[in-house]
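Which chain is which? They are A, B and C, in the order written, and residues in each are numbered from 1.
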Amino acid sequence: MRRIAAAVCLGIVVAFLVAAALLLHPFGHPPSQMDDYMIENSQNETGTNNVVAAVLFDYRGFDTLGEATVLFTAVTGVVMLFRVVKKKEEEHK
Amino acid sequence: MTGSVPFNIPFLAVAALIGIALFVIISKRNLIKLVMGIVILQAGVNLFLVTLGYREGGIAPIYTNAPEGVMVLPVPQALTLTSIVIGVSVLALMLSMIVHTYRHTGDIDAEKSRRMKG
Amino acid sequence: MSKIVRTVSNQLILLVLIFGLYIIMHGHVTPGGGFQGGAIVASGTALIIVAFGSYEVQKRLKERHLSILESGGALIFIGLAFAGMATVFFYNFLVGSPVFGHIPPFGPNPGDIWTGGVVPLMNIAVGLKVLAGLSAIVLVMALASSGEEMEE
């Protein structure tokens, strides 16, 4: 019974995804107002030849800050999970 | 559909990847196979972000020794870079938790290790 | 691992390190940058761990030195973001100044390294952070799955 309900729900989600994929913009002609501005003006304002690096560190620097925080949290979590705490043997007499 | 690629085939590939990943997450009980389903889901979402910004006959958005042509959109590529790094971090944490669970209970079955022992 | 694998990976780790640092340094001229170069150097660390065994590597490369390197990278990144605070957070205040300040001509051109403002310095900071973080993850997980204990 649970498997039938799970299969029906999965079918509905995949049907919505396929409908969205067919109704999106035609592949190869995206709407691009903000990106035209960035391609035109990134050499004057930031002075880099690499537009992707200018977008990552200058126009959208907050996203890079959030990603650095996620990386730091993941490293802290992994090192903390494998730490060994030595117990002292106590004698209760 | 007025593009030259009929029926938006890359977006249909993304829908197929996400459908396969959701099927694996729902129906598998081994924890390692569950993690593999989550990795396939992340790959599908990254592919969707990159193919959103493609311009037909485009070159890479870098001005150093650039050939002739229009440039692809740079913003979806920056968002995909962030998404890949976050995917690697989440995968490292999930695998560490699986190793920890195996040491404590000796079993990696998702149904058996559900109850918390007080 | 056998003697051939250990000798070849001894020579190869130098090439991997130089290639990774080249990708980090030229991040504002060619494709690449901080995240990509840091991942390349971390894969060099994984090569050494596979060739020599995690116990031998852990005697030389301790985890607390990697932690200092990662925290230093994060602090330099935030310091550069605060340094342009006179106008707005994350302002590129080095464009036009004597340090990293040339402005390239419009259109396709052979690249100049001395351009870019704050972006090359931020690339170095993020590259250090990713290098240290991914190497620490690989080292700790290799130690834990081979049964050894981590030194405090």
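One rule holds in what follows: a contact is a pair of C-beta atoms (placed from the backbone, for glycine too) under 8 Å apart; a residue touches a chain by one contact, two chains touch by 3 or more.
Only a predicted model underlies this, so the values are computations on that prediction, with no experimental measurement involved.
The central chain here, found by comparing per-chain C-alpha centres with the mean of all protein C-alpha atoms, is A. Looking at A-C and B-C side by side, the one with more C-beta contacts is A-C. Centre-to-centre separation between chain A and chain B, using Cα means, comes to 9 Å.
Centre-to-centre separation between chain A and chain C, using Cα means, comes to 20 Å.
Taking the mean of the C-alpha atoms as each chain's centre, chain B and chain C sit 24 Å apart. Shown for chain B are the residues in touch with two or more other chains, namely 62-64, 81, 85, 92, 96. Among all residues of chain A, those that touch two or more other chains are 43, 49-50, 52, 56, 64, 71, 74-75, 78, 82. Contact with two or more other chains is made by residues 29-31, 104, 109, 111, 130, 137, 141, 144 of chain C.
If you check the complex, the residues on chain C that touch chain B are 29-31, 35, 104, 107-111, 130, 134, 137, 141, 144-145.
Considering their complex, residues 3, 6, 10, 13-14, 17-18, 20-22, 24, 26-30, 32, 34-35, 38-39, 43, 49-52, 55-56, 60, 63-64, 66-67, 70-71, 73-75, 77-78, 81-82 of chain A touch chain B. Of all the residues in chain A, the ones that touch chain C in their complex are 43-50, 52-54, 56-58, 61-62, 64-65, 68, 71-72, 74-75, 78-79, 82-84. Considering their complex, residues 1-5, 7-12, 14-15, 18-19, 22-23, 26-27, 51-56, 61-64, 71, 73-75, 77-79, 81-82, 85-86, 89-90, 92-93, 96-97, 100 of chain B touch chain A. By the touch criterion given at the top, residues 60, 62-67, 81, 85, 88, 92, 95-96, 99 of chain B touch chain C in their complex.
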